[in-house]
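Provided herewith is a single structure, encoded as structure tokens, for subsequent inquiry.
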């Protein structure tokens, strides 16, 4: 599973992308957030306030209960500020 | 008093401007319309349907009861269609 | 800020007019524009646009000043063409600049709605197929569009 | 009609982009545009704009398609810059073309409201005076501006 980070989420995690293989009990976006938070202090800092993080799965915005599949591209980022 | 005509009002009257000296009982825009209507068949045709005519006095839109003074510039034209 | 108002036969340059509103300044966050063009509806060959010299510029300047009173604008340009205009050619340009987008977008819509109903221009349609010409009639929907601004805020939209 | 969507580092040319929407046709009566620019607020030295390559283009194309479904548009262009942008420089362009002005004006406002809240871009502010940099925070007022379109019509504004 490919995980991408943008903006200050990327800065806190320390990488812009990583390939991960979460265990089978990681079933949805919220579960992935909990599991990623344990990977490093940077991950923990990035996900410390889950309410300030948005997610996309396969390049569509996704809610915390969005189900995940092994080949998904999952991205985490702050609320967008374009325009 | 200078009177100006625009668009199809001008075409029906036959001139784009004329200097007129209405009698003292012509006190307002509606009175001027009645008086001008008697000047020629073209004037009469132009003012036949007073509801389809708009007026301006000294370059500001003016209602039929707008009072007139001898030196005024009065214009008659159809509802505007710019933009 | 003094609005720029012009009535002219010549075409206008959207890019150049827009650039003038932002040149040399860094406090403009939003520029909205509207360009109205001549459509070839019903076999139209050309539009002939007549206006009331003097009153036209006064009336547009008046409504541009009202736009500046209602919204915090840093720039405002209105250019309206007169004379003979062919299908596909531009007729009117409205440009508004502000720090924020809502002011620019709303004032631009306000100005073009008002130009349709409050500025002394008259359009005559010319047809190529022997039907001659006819004066465009004012539309009730344009009056309604202009009237919503009178309902929405302070002051009168008509000069 | 396929909307034109581009994400690029280079500046864009408002006049040229607008001309492309009307070139060779006489059925376009209205072209509305919005340009968002970088303001020098609070001593800003530059904006750094980051995006999510792939998703950004998909998301913008999706909302442009929704604009075309809601309004009878003959043309629609969205150009959003990324990278480092200096105060006074343009950031984003929205252009909409239609036979009539309401469709062009409303869809232009719809698209820029949505771009603020639904497209994966992030702005980082850089300051010259030793204050370093900070990420711009999303504004509740932008969410409210986007939400009014969801209330107004069919479908969801978010892709």
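Going in written order, the chains are labelled A, B, C and D, and every chain counts its residues from 1.
Note that a contact is a pair of C-beta atoms (placed from the backbone, for glycine too) under 8 Å apart; a residue touches a chain by one contact, two chains touch by 3 or more.
These numbers were taken from a predicted model, which means no experiment stands behind them.
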Label of the chain whose CA centroid is most distant from the centroid of chain D: B
Distance between chain centroids, defined by C-alpha means - chain A, chain D (Å): 26
Approximate Å spacing (C-alpha centroids) for the pair chain A, chain C: 49
Approximate Å spacing (C-alpha centroids) for the pair chain C, chain D: 23
Overlap residues in chain C, where contacts from two or more other chains coincide: 36, 101, 112
Per-residue overlap in chain B, given as positions that touch at least 2 other chains: 83
Chain pairs in mutual contact under the definition given at the outset: A-D, B-C, C-D
Touching residues on chain A, where the partner in the complex is chain D: 4, 6-8, 56, 59-61, 75, 77-83
Chain B-facing residues of chain C, complex: 36, 49-52, 54-55, 58-59, 80, 91-92, 112, 115-124, 135-138, 142, 158-159
Chain D-touching residues of chain C, taken from the complex the two chains share: 13-16, 18, 22, 24-40, 87-88, 99, 101-102, 104-105, 108-109, 112, 145
